[in-house]
Each structure stands twice: as structure tokens, then as C-alpha cells.
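Sending over a structure as C-alpha cells; questions will come in a sec.
So that you can tell them apart, the chains are marked A, B and C in the order they are listed, and the count of residues begins at 1 in each.
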């Protein structure tokens, strides 16, 4: 029989995987172009609402909605990149923050208009709402699948980054953008593709998040803060850093709420501030 | 024998496996004009960054006069008289030339800490700033915003900013870079007019400048000092020719013989 | 000194920068208009004055030193709660209350400035955000001190200068808020035109160059951050004293974000930007107060996108561009 702390750890791990999926795109694009995209949370939220709409209004099975969430977020991000973001890559931090926050505001209002401000119900099939018991700890099937899926995606990303030509271009661009251009790498195209991929993953994360944390229009903001924490603590441009930070954050948050509920989010912010002061470029950051 | 104005011993720096500086040893006696040349990527600007404290060396020491300044932060080195200019203009775009130089003077005199008295209460600083600009022929345009100045004038403003800090050792990073031919006259005059109290090390690709102003040339290749010598020795050295100089220098050399 | 025609001596030129422009005098005279034209809106006018002062304090660090802070409301809240608590304890004298609040906010500002000055870009933004959120959580948790969700009760502000009591129409409150704003505005104006002010602009224009001219940038940033914290604290205290309430939203993220929007709307780095932005924003919000919050944020979002894309220096920047175009033949 395992002590209940393992249950807490597992839930924290699942939550951390979710945060990772939603944050990894932000980390890489920040590392590559230094573009502070606060609208990243909106893409996650979009993925969630796509899943909800497809399931509740069109009866599409849950797993079939996931690729749709990914694609919808990716496509929309490409559109935004072309129309807005491209023009502010060279702008000041403040301008980037303001424009992307403006987009978050707009997205929150649009979501509230279309879907209302209540949390969206999600009727998952019975097998997804069940749980397995192992050594005295209950493991929710949904969370098991979530962890498994996230690990597969993480592995794919890591392998892709290390062994494909595109991955090499991404690494070069993150490491030193100017030199990458000098070597003939089309950094703009690499960035656009990475941006679309990252936003798509955020959308996927948002879809997967509904069952764990619920979905309402304020999602874009609430989880933006978590995403920023993961990215700044994990290090810009570092997938492994984001992974580590997301897991630490997920476990801290769940453990904190379980063991010391009166502290609330205080602990998370304190951890973030302390870690940032110790390592301002993030645990594994490069810039 | 008095201590050299600037000296480095065994200076080294690497970024991971990329070695950008290795065992650099340079000695600048007081008041000299030395040139630092070398192909692109030789590590010349890196060396300037190491000397000024923008980069931390992996090994080695830096001495200003007699003092070991290796641990000092950049602004402290400037206070002791070690000043640099930038290869690509690093100015204050929306400040006027006068404001920029006045700022540098105020920082030097520590007037910049006072927030309770207006700038007008410091006429000496303002006058000093104006005089520096006037000596560089920038007097008439001193009230224009920096970004409205011509490129050559901006290069001169770079030097004005450096002079405002009353340097003892001045590191000029490619002062003539990007300056069109018709604007370079003032620049050359400015460099010629530098006080003989100041020790100058300048990085240059423009061989005309090197041969006109430098008494000694240091050649860097691949992060190391290849050779040191008088301009003529360097121009004649087969190693240097092979690595870097080529025809340009021999032409300039012949030119300086006749003109 | 040899001068070409058409230029004045350097000292006269610099002095001319500090002269009061006619538009400024008009502006300050116009702040008295509410007494004549909108006597029923004086409490709104007081709130605008408070917001303007708060925005001015943010301008000092954001517009002049280039520090992007998403947590500046922390100091506003500290000032508000300090003034409120002091009054609750029995000392309701407004002016001394202001000083105590400024001191409290300034001390916290000074302490955090040591961290702030060492970071840039995303880390800096995240740290300011983190501090703000941390303080908000703390205020929520320490409900016994702050009154939690219900806010601070039992604040009673004494007569101003022992003579003027705060009337229901808000006449005295507005005069008080406006006077505090004006005095601190003069202070900020003096600071901007000092050598220190020039250093701040240097930091904003080219951070990397500053150490290369021997400037102790970090010390400068610490100084201005502390001053800005103190002024924000005073703004919070004025709000607490004139409305006799303090609640958690005085130090929440919404307030930090709102003040950034106001400042950017008006134009950062122009001293009047915060004031103009506060006026426009608060009046608009009052006019549209019937709107559901989400829709309000929709238009703020549109505004932000529009400002960044088309009006990067805010309203005042846009006006400045127009006037230079008109003044050139």
C-alpha cells in the first residue's frame, strides 16, 4: 500500500504535463524571436472551446476533437502571425505585451459572447471517467492517458529537435538568430512553423484541460500566468526546461492545495520569484 | 619605469567549445597609438568587451596603470578612465547631441545623482559638453536629436561621448566604420586631435587610418595575438600578408612613402 | 563660442526645455472646470485625480526609465491600506496620513528595488507581476488586518487642515486630490528636468550604453523606483481618505493593468501622458459603466491593439506629430 502522497504526486504530474503542453510553444518562440506572446493563452482556450463545440453540438467523439483543436489553434495562430505579430517582432517589450494582452481581452470577450460565462460541461465517455486502483492509490484513467499522451509528444519533440533537419534549424535559431540567418537558415519560415506548432500544442493542451480544470472565458488569463511562470522559470527556448518547470509547478500547486490550502497561490508566486532571482534566465535558459 | 597604461595577461574566453580568446597578452605604454587588426571573427571586439568588463574572462588579468581591474564592474572601469566607443553606433536616439554629452559629463561629475535641482543649475557641465562637441565640429548641430544627425556626425558623437568621461585609455572600435568618404575628414581630424595624454588602441580595417596614426600594430587571428610590430614590419611580414593584408596595405604603404 | 545663426546658446536651449508651455497652463486651469460645469461629478473628478497621480508615478519608471511593471498597484494598495489602518487606529489627520503612507510604500519600494534593478525584459516583467500577485494573495490571507473581501471598515478622515470637512458633494475631496496631484506633479516635473532625469532618459534610450559612460544605472533605477513607489502610495492614501474605504482591488492585477493602459493611451514618457490617459479612460469607463465587464474588456483590447499598431506614442504622441506637421511650412 502506497501512502496518499503518491496520489498527490501523480495528480501533480498530470497537471504539470498539461501545463507543459500549453507552455512549450511559448517557451520556444520566446527563445527564438524574443517575442513576448501573451495571447498564447487564447490559443489554448480556443482549443478548449473547439472541443466543447464539436462534442456538445455535433456529437464528435472526444479523441477525434483533439486533432481539430490542434489544427484550429495552429491555423488561427498563423493568421495572427501574418497580420499582427510580424510587425512587432522588433518592437519594445511593452508594445508586445500590450498588443498581445489586447488580443487576450478580445478573445475573452468573444468567448463570453458566443459561449456565455459559465463553465462548459463536458460529457466524456464512461471509461474516461473511471479510475484504476493500484497499490491503494486511485489513478484516474483520464489522467493516465493525459500523462501518456504528453510523454509521447514530449519524446517526439525531443527526437525531432535532435535528429531532424528542421529541429537543427530551430536549435540554431534559438541559439543565435543572427548567426543562423548568416548561415542561410530561413529563420522567419522556421519561426512561423514553430509558432504554429507551439500554438497548436497549446490548443491541444486547452482541449485536454477541460476535464481537469474546467473551461470558461477567463481561462486565457488564468492559465497565462501559469504559462508565464513555466516559461520564465524553465528558461526561454528550452523544451527540457519547460518540462522540468511545468512538472515542478504542477506538483507544487496540487500538493500546496492539498496540504496547505490556506496558502493558496502564494506559494507558487514565491517559488517563482525565488527561482527567477536565482536564475533570471530560467533553470535551463540560454538567452 | 612607469606602469603601462593598460596591460592584459593571459586573457582567455570561450563560449562552450568555441574559444574566442586565448592567452592574450597586450601592453600599452602611456600615450601611445596602437592599432589592433585582424580578419573578421578574430576576436577583436571580444577583446574590447573583455577589457571593458562587458564579458567575464575565463582566465587572465587586466591591469589599468598598476591596478588589477579584472573584478571591477564596467562602470567602475570607466570611472578609472578606461573608455570605449562602439563599432555600431550606440547612442541615445531621442536625446540631442548636447543632452547626450551633458549626460556623460554629469555622470562623470556625479551630478547625475541629484534629482532636486534642475539641469540649468549646472552651467559648467553644459559648457564642457558644448566645448567637446565644438572641438569635433558638432557645435552647430548640437541641439538636433541624435537620430537626425548624419552618420559621420553620429560617429563623431560616439567619440564625443567617450571624451566626456575624460578617458586615460581610449579603445576605439572601428571609428571609421560605415563613414562615407566625404565625411571621414572630420573623423580623421578628431582622432589626430586626441590629446597625447590619452592612450589609444583602435580596431580598424581601414589601412589608411592604421598607417597614418598607429605607431605599433597588433595582429589578432582566431582569438590569439599573431604578431606585433611597427606598421611597416607588419605590412612586410609574410605571415600577416597571407592571413590578412593582401594588396591594400602594400599600396597604402607605397602611398605613405610618397605622400 | 562660435554659434551658427538660428541657434541659441546651449544653456538657453536647455532652459527653454523647462519652460511652462501655454497648453500646460490651460490644462491646469481646466482642472478647475468641474466646479463650474460638472458640480455633480466631483467624486468622479477626485477619482480621476487619484488615477492621474498613480499613472504619473508609473510614468516615472515606465516612461522615463523604461521599466515595464505589471505590479505597480502593489504600492498603491500599500499606501491605501496604510492610510486606512492608521485612520482606523484613531489618527485620521489626512496630511500626516499621506506622509506615513508614502513612507510605507517607499520602504517596500526601496526593498524590492534591489531585486528589480538587476533584471530586464521578461524576467523583470514576471518579477513585477509576481510581486503584485504575491501581495494580493497576502492581503487576502491576512483578512484580519485588511478586512479581506469586505475591505477595510471604520476609516474616518479628520478635517483637512483642521477646518475643511469632507462634504457630501465631494468639493473638499476634489480640491484635496487635485492639490496633492499638482504638488507632486511639480515635483515630478522638477525631477525630470534635473540631471537625474536626464540619466533616466539615457537608461530608457540605451541601457547598454550607460555603464560605458560610467553611469551607475542600478543605483539610478533603485532611486526612481523608490520615488515612484512613494508617489503611488500617496495616490492610494488619497483614495482611502476621500472615499473612506479600501478594498482588495486597490492592489489587484486589474488595477496594475488598468494603469498601464491609461499611461500608454495618453503617451508614456511625456509627463502629461498619464494625466491625459487617466482622464480619457475614467470618463469612458464612467460613461459605459452599464456594460457587462467582458464587453468593456473587448473594447479595451481593441484600443490596445489600435494604440500599438497606429498610435505607438499614445494620444500625446499623436498630437505632437500632428503639430510638428502643421508647424512645418
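Worth pointing out:
Methods note: contacts are C-beta pairs under 8 Å (C-beta built on N, C-alpha and C of every residue); 3 or more make two chains touch, one makes a residue touch a chain.
Not measured: the values here are computed from a predicted model.
Counting hops only between chains that touch, chain A reaches chain C in a minimum of 1. Averaging C-alpha coordinates per chain and comparing to chain B, the farthest chain turns out to be A. Distance between chain centres (mean CA atoms), chain A to chain C: 34 Å.
Chain A and chain B, compared by their mean Cα positions, are separated by 47 Å.
Work out the mean CA point of chain B and of chain C, and you get 42 Å between them.
Within chain A, no positions touching two or more other chains are listed. Considering their complex, residues 30, 34, 36, 84, 87-88, 91, 93-95, 97-99, 101-110, 112-113, 117, 217, 225, 228-229, 231-232, 236, 262-266, 269-270, 272-273, 276-277, 280-281 of chain A touch chain C.
On the chain B side of its complex with chain C, the touching residues are 52, 73-75, 78-79, 83-84, 86, 90-95, 98-100, 102-104, 106-108, 111-120, 122-123, 125-127, 129-130, 134, 139-140, 142-143, 161, 164-165. Interface of chain C with chain A (complex): residues 62, 68, 70, 115, 118-119, 121-123, 125-127, 129-131, 133-134, 137-138, 140-141, 257, 260-261, 264, 268, 294-295, 297-298, 300-305, 307-309, 312. Contacts from chain C toward chain B in the complex involve residues 1-4, 7, 10-11, 13-15, 18, 190-191, 193-199, 201-202, 205-206, 208-217, 219-220, 223, 227.
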